[in-house]
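The structures come next, written out as structure tokens.
Each of the two complexes below includes chain A, the first together with chain B, the second together with chain C.
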Partner chain A sequence: MQHKSKMAGADGDDSLYPIAVLIDELRNEDVQLRLNSIKKLSTIALALGVERTRTELLPFLTDTIYDEDEVLLALAEQLGNFTMLVGGPEYVHCLLPPLESLATVEETVVRDKAVESLRKISQEHSPVDLEVHFEPLVKRLASGDWFTSRTSACGLFSVCYPRVSSTVKAEIRQHFRTLCSDDTPMVRRAAASKLGEFAKVLELDYVKSDIISLFTALASDEQDSVRLLAVEACVSIATLLPQEDLETLVMPTLRQAAEDKSWRVRYMVADKFSELQKAVGPEITKNDLVPAFQNLLKDCEAEVRAAAANKVKEFCENLPEDSRETIIMTHILPCVKELVSDTNQHVKSALASVIMGLSTILGKDNTVEHLLPLFLAQLKDECPEVRLNIISNLDCVNEVIGIRQLSQSLLPAIVELAEDAKWRVRLAIIEYMPLLAGQLGVEFFDEKLNTLCMAWLIDHVYAIREAATCNLMKLVEKFGAEWAQNTIVPKVLGMANDPNYLHRMTTLFCINALSEVCGQDITTKQMLPVVLKMSNDQVANVRFNVAKSLQKIGPVLDSNALQTEVKPVLEKLDTDTDMDVKYFAQEAISGKYTTLSIFFLYEVASLGPLHLVILIHFSP
Partner chain B sequence: MHLSSISSFIAKGLNTSDIISTVEFNHSGELLATGDKGGRVVIFQQELESKNQPQCRGEYNVYSTFQSHEPEFDYLKSLEIEEKINKIRWLPQKNAAQFLLSTNDKTIKLWKISERDKRPEGYNLKEEDGRYRDPTTVTTLRVPVFHPMDLMVEASPRRVFANAHTYHINSISVNSDCETYLSADDLRINLWNLEITDRSFNIVDIKPANMEELTEVITAAEFHPNQCNTFVYSSSKGTIRLCDMRASALCDQHSKLFEEPEDPSNRSFFSEIISSISDVKFSHSGRYMMTRDYLTVKIWDLNMESRPVETYQVHEYLRSKLCSLYENDCIFDKFECCWNGNDSVVMTGSYNNFFRMFDRGYRQDVTLEASRESSKPRSVLKPRKVCTGGKRKKDEISVDSLDFNKKILHTAWHPQDNIIAVATTNNLYIFQDRL
Partner chain C sequence: TSILPSSPTTGFSVPSAEKVDGFPRRSMRRARQRRSHSSSQFRYQSSQVELTPLPLLKDAPVAELHNLFCKKLQQCCVLFDFLDCVADLKGKEIKRAALNELVESVATSRGVLIEPLYPEAIKMISVNIFRTLPPSENPEFDPEEDEPTLEASWPHLQLVYEFFLRFLESPDFQPSMAKRYVDQKFVLQLLELFDSEDPREREYLKTILHRVYGKLLGLRAYIRKQINNIFLRFIYETEHFNGVAELLEILGSIINGFALPLKSEHKQFLVRVLIPLHTAKSLSIFHAQLAYCVVQFMEKDATVTEYIIRGLLKYWPKTCTQKEVMFLGEIEEILDVIEPSQFIRVQEPLFKQITACISSPHFQVAERALYFWNNEYILSLIEENSQVILPLVFTTLYRVSKEHWNQTIVSLIYNVLKTFMEMNSKLFDDLTASYKVDKQNDSVL
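So, the complex of A and B:
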């Protein structure tokens, strides 16, 4: 169906047919086709030319708001980049009607995208067009019947305010004020979340006169979902005001928020604490925020304590240098000490994820005297997540006091996690092994942890054995091939004689993982003989994994070894009585294996004797 | 009040799937939704005011019908999940479309009901009827154009909130912040964001560590109409707990406990069963709440926990019949209750297709009957009386001749006007006050 015809209008050389299909698919039954078509809207517009895009395509799009969210989302996004396609900045206002209707749909993601596109094209309006076309749209949305349109309006004030005349500016401020006291909490929330952004474009006098009163009102709204958003606005407003005004204009509200009756508001204060701290500056921090932070760390709601605990390090880091140590030692540390034995495990684990960072701030002596006991207590915590968080952040302490101080407690903690009854906990600690190895050094590792790493290779859970294999590879990357040759390769190869065929297979999996990092020499001289010998294994699973391993390590080997040693063995396996062994031998020989089948068959291999039945279905 | 029928919807035959399981007006009262045992939701719309009868608002007609829930089977627990709609709640209107939440025992769904009166016309490569055109005849591009068409009402599922309840959901309630809602089952209450389906927060959990120690279950829960942090839940022991979500994330500790001391003279084997609360509703003002137990409706002032401020007997004459009501399981019926628009009258259902209204100011009460005869247009509902003594006056009905199979469990009151919706087993009657 290749039909070529000349276009009337736009690019004359384009074929009409594909465009006709695209246009027809704008109203196809299938959402996916409609979506594809919308994503190629610029192609359609280009073919139609600017005139027809404005007069026909845009009116059609304006009415399509019945569609699925994903189609509308794509449409809202496309229209943000449509200026040139409707004839450039001169005609950009033609895009307003479809975006206006998209800004009133019920789906927040679509509305937000429409607002984003509106903000984008507002920059392409000339100052005159902005007042003639854009600002009236903002007004219409702001006074719309439904809250969806009023919430959308909140995001548009700040983009037109700087570019309009002072009369219009006054109107915009009035509209924003109205929305801040809207009947519906949704609109007040939208206004509260845009308050900071709006304040940034306002003249300082209006910030002081208008914004502060709105801020104070929103911060004492009857709905806590509105109050908590005022906390965010607090950060931007505080940044805008001169230091001397903060005390009178912002601090009363902030103090009130930090002690709000609703835990969600206090949570927000805790969550934004670092930003607040930067915004209000060192003096207010010392006088006001330190006690407030202490209270948040002792809050009755665990969610608040956890949020505050998360900020301990950042807060301490940002304290004014002259009094940092005193404040931490006298005010913060006592609270932190209590949190170490908190009743809630989320609080403890939030603390554990940052507490180590305090050691760099406090220096060696304080760390040893005050922090070390806390670290040690957390290393012995009943909750594995707390211990894991400590272990994963050891590097900070390492820099300050060296790991030896910790190692005595560290080791039992690691061993305990390594032997945890839950395999997911064991898996988590394995994942930290390479990191620990780097921090503790090769000597300590060989002495204390190597045995653990080897023990995981014979874990009864496959996921652990697999992770242990991968772990070995990462360790070799850290410590080098020579270390591998002396410590782990002999142990791995020793397992090739294990009576359990699963352990023998682990040897093969390890070889698969290690051959590349160990290099040609070790692979050819030490690993290959073992693999070749295993081709005589009595268990078929081991034999076909030999075929797979040979294929895997093939690239590392030199061509001589491939020809003289590998090829004969693969040929022998090709005549095996077991059909799977044969199959993999053939695959290895021809090397035409797809990644997908590796995945499937790898899974199958780990299932043991069932493999035959399943393979019948998977064989290509 | 002089009620007369404006609309009635009588089911043909006696299909169990037609049994109405919930009735709910939207916030303007223009729409009324019912859910049934067959998982369907039917929405009725009030016709515009007719010119010749200005004070009489129009009747309600079917606006949209859709299948909200389908029967399902939980393979892990070998449990059938009924499609019956347990509750419907309308969301405050956010644009031209209407939204409601409907729930069965396990899954809550958000539905959008929207109107469409235009459709696109004009293809490039085919005719409107679907016949393909010869592509060689296509020499110019056509952009589809919207044309008016007959009004079409569409109901489309927007969100499915599933897998959060182990027990049967008995209540859903939208918060006044319009951002969240709660769903309650026998032992837990969860808090959802209306836009997020893959997680909810557990805010109340009364499940004991050992299920053998279970002594009470949650029977209903509702958010305060304007304080977004406050909600209440009632229990099978006749208590109501008010919780403040500001105090902590988990509301296991209530901030108020409403409970009336038991009257020792009325104590019997059935005391605990009949004190179980089947419904709790805040007044529109938010100052009071109403609870329904088997024999009474109680109004509580939120500022007084020790006893209700008003107690109304719904059908005290059944007290002597509790034994037979226990035997035929009627004693476990869950009657709902509702407030009128200005909180001055409350309404609840009873047996024999009777429903009761209590005027709080005048301390008057009335028993009315929803039946095919009473639903004749323009006829005014006559008060009914149940006699308990030996001698039966004219127009009275004896307790012994009440039909316990005919019960009115679900009623709803228009949020502003004196229009009520009453569901008998599978019929729906809508009555209006004639001034």
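So, the complex of A and C:
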């Protein structure tokens, strides 16, 4: 209350009243109100002006740091964008005290946000201010008692290092060194995760003298959670060093990481393999990374094998061209062959998601001779995910050997997935149908797959029927209206007489999806009569879907058909005994005359019937 | 927010069959669940040593005994593959028998543990138990719902743990000799094993760490600090560690032995570690042990009461009613031992929260809060301070008694109101009267 009267409104200035309320809410008991108010902090600051923001608002905020984490998070974020509100870069250092406190709280999310804001405003400091205000803050954090402030400090070194004098630089390097050997693993983890970033801003000599020893130490830390972060740093460090130094400075550590006793570290190596490969260059890749990669592909932990399997294509792609094929054929492919029959499904499915990519690298003959048997084996895998991953990447193979080679095995695999007991698997294969149809061509499709696509229309799961409808539309986009007229439209329309009303509704849904791609002629001559006839259906759901369909296909029809055929049917439905049928008939009537009102109807659809009624009255 | 991949399986590209719905693949998971797994023994000893049975310890002449004991320890350093349950059955049986003998010998005969055996014994223990725990079979392992994955090599591992325990408990055990081998590095590895999914292993570890803490005084501060680190990592980084309950159980007895006045290190542990532990998602698994530790602190030093209660109020669950019930349970345990002078310092914020719980639409929450009035000590505290507490809770009690959907709650509230009426009838009447006036004013407006 005191603050409120001091800061705003007490002198009877009415214009500040809303601000007084906001400030009052900063101290409200209800967290939500405090949160709302913090989120409008820039409004408060703007109203107070730069000077009072600096002298009154910021000290007040610095005092309230003991709040709920949610409020603190919002505050930490806001302060990062506050430079102009305190009077521009000249005064930006005023923001440091509250952010410094926020950078020491326990909750990681708050701390990280405070560090993010500090990094942001560090750029707005002049070099002098950086040394006078910012760097001392970093030092205070780096030598804080509790681990939280030291962790936060780790993220701030790299933003100030490039812009300070060489004496201060030396201090910063010293602080970073100290934190890398902190006795709290949390701090060592934070330091390890920033090692790469820090290395990037250091002079090359210091990278060699300082960073390498820190890197080596962190990479052999007693805790695997620290060691694995050093692997990430390895990528940045290797990129910075000249090729001739890599062997002595980086490789011993990397070799050790690839054979670490903890699977987490080996997992990290596998996960970062492509980046590592690029960073160390072709020669080291040939001599060191190839055997390391082979080991990872054969690792005793499935997690590691899966991470490595994911990288197979990228690794092969990035091998030096002169020896690529030999290395793949003699070293990588044998491991890949074993992974095809791995005991763990995640490993197999990781491999299946990239293995097809090898065909472009190896070319036609090798693909036919060596890869094709593997594809075929994976297409028959017991796990549907593996089969799906193969099918979803068929385009790569198609480019190299054409899909025909596979089609004999493909078909049974597709059929089996199409009839899988789990509807999610069926749904996934439907989504690949348009792609498959494009690759396999219209003849093969008509002969083998068309029946499947039609069968999904009467699946007992709605999501499958819906996806099947959408699939038909995409197929027509690929194969054209004429194809649709000869193959699918008759079948779809035939379902209008099905005894099951769900199947009759599917006819309507298909028409909704197909009318536009099929064009005016087919819609008017073939679809419209069926829809109109269904307006006499005994199930109300079918009848109101007729009204919806008419509205949907309206734009495709010519005005003659609308006037003479559609309008009378809608007017009849408008007098239906069922409330919903009436409602949708009215909606269609009001929507069908001009496209403009259709647009409006979509706009107001969320407002509910009352608003619609009003709109209908005012429509032309 | 975590800076490391706690469960690297999340790094997998999402399988396509899953992408479409986003449901956890419970059914698939169950289907492929294996009941046991091997430890992540990287680079299994490829050239397996063939074991040959040694003479029995009990038949050995005294002069030979130590030598034979040592040989058996060395024999037990050979590791076997337990996932292949028929591999090297003979070797496994020889090791099992040897371990049994070692356990028996160290437990019953005196004078066996001589100095040269210490490094050999600790080496055998280290080789067997220290290993990288494998990735969880089930990345979304829910300790309450799912069956834990059991350690496949347990037939040997159990005997090694048993040996270690007997070793520590032996009357011949000399801390001064052991401390050279059971050092900080050893303890750190021991603590990491508490993350094991196998509850049998954690049970052994708990007893063993407790003995180590009791006998090797030089390691105490280090052990406490490392447990701190494990908890902080659990709270703020990974939210995953299987042995929280076991570590808290050990701490419970450690706290009991703290000297007075409490060192600031211990207070810091309470405020910055134990209280924030209440925020964990998996609180239910270790809540009993946690509440025990908290109450231990209060019994040691009543001045920490206010920190504790305000801390709990700060982290009070907002949406999880199951946790709310646990918090209420802990508050009752705390109130059971609270000093009246401390009670006065926290009664206002505390009873505001209790009132909020009473008006919870979830009847278990309301019920748990109302049970406080069945506790005689709490009732006496309320009675002494009825001038403060009654006005805080009255309106809510009155309103909820009229509105709550659950009959049990309504009748519990009637009892509470009745108690208040008997406690302080004057105040009760005043509050009733002003409530009615307020109500009327409201309806006029």
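What we mean here is this: the second predicted complex is superposed on the first by the 557 of 620 C-alpha atoms of A that agree within 3 Å, B and C clash if a C-alpha of one lies under 4 Å from a C-alpha of the other, contacts with A are read in each partner's own complex, and residues count from 1 in each chain.
Just so it is clear, contacts are C-beta pairs under 8 Å (C-beta built on N, C-alpha and C of every residue); 3 or more make two chains touch, one makes a residue touch a chain.
The shown structure was predicted, so the numbers you read here are calculated from the model rather than taken from an experiment.
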Notebook entry, point to check: On chain A, do chain B and chain C fit together or clash when superposed?
Noted result: clash
Check: Which of the two partners, first being chain B and second being chain C, lies in contact with A:57: first, second, both, or neither?
Finding: first
Next item on the list: Based on the superposed arrangement, let me know which partner A:48 touches: chain B (first), chain C (second), both, or neither?
Entry: first
Next item on the list: Could you look at A:193 and tell me whether it touches chain B, chain C, both or neither (first, second, both, neither)?
Entry: second
Next item on the list: Mind working out whether A:156 is in touch with chain B, chain C, both or neither, as first, second, both or neither?
Entry: neither
Next item on the list: Look at A:327 in the shared chain and tell me whether it touches chain B only, chain C only, both, or neither; answer first, second, both or neither.
Entry: neither
Item checked: Contacts of A:301 with chain B and chain C, given as first, second, both or neither -> both
Next item on the list: Name the contact category of A:349: first (chain B only), second (chain C only), both, or neither.
Entry: second
Margin query: Under the stated touch criterion, which partner chain does A:104 make contact with: chain B (first), chain C (second), both, or neither?
Written below: first
Next item on the list: Please work out whether A:23 is in contact with chain B alone, chain C alone, both, or neither, and reply first, second, both or neither.
Entry: first
Next item on the list: Could you point to the stretch of chain C, among 43-51, 61-69, 205-213 or 421-429, that collides with chain B in the superposition?
Entry: 205-213
Item checked: Doubly contacted residues of chain A, that is, touched by chain B and again by chain C -> 106, 108, 146-147, 184-186, 189, 222, 224-225, 260-264, 300-303
Check: In the complex formed with chain A, which residues of chain B make contact?
Finding: 92-97, 99, 112, 114, 116, 118, 120, 123-126, 135-136, 138-146, 158, 176-179, 195, 226-229, 245-249
Notebook entry, point to check: In the complex of these two chains, what residues of chain C are touching chain A?
Noted result: 1-5, 8-9, 11-13, 15-21, 32, 40-44, 132, 134-135, 185, 188, 225, 229, 232-233, 236-237, 272, 276, 314
Note to self: Using the touch definition from the top, list the residues of chain A that touch chain B in their complex.
What the structure shows: 1, 3, 5, 8, 16-17, 19-21, 23-24, 26-27, 47-48, 52, 56-57, 59-60, 63-64, 66, 104-106, 108, 146-149, 184-186, 189, 222-225, 260-264, 300-303
Checklist line | Residue numbers on chain A that touch chain C, as the complex places them | finding: 68, 106-109, 112, 146-147, 183-186, 189-190, 193, 222, 224-225, 228-229, 259-264, 266-268, 271, 300-303, 306-307, 310, 345-346, 349-350, 353, 384-385, 388-389, 392, 422, 424-425, 427-428, 431
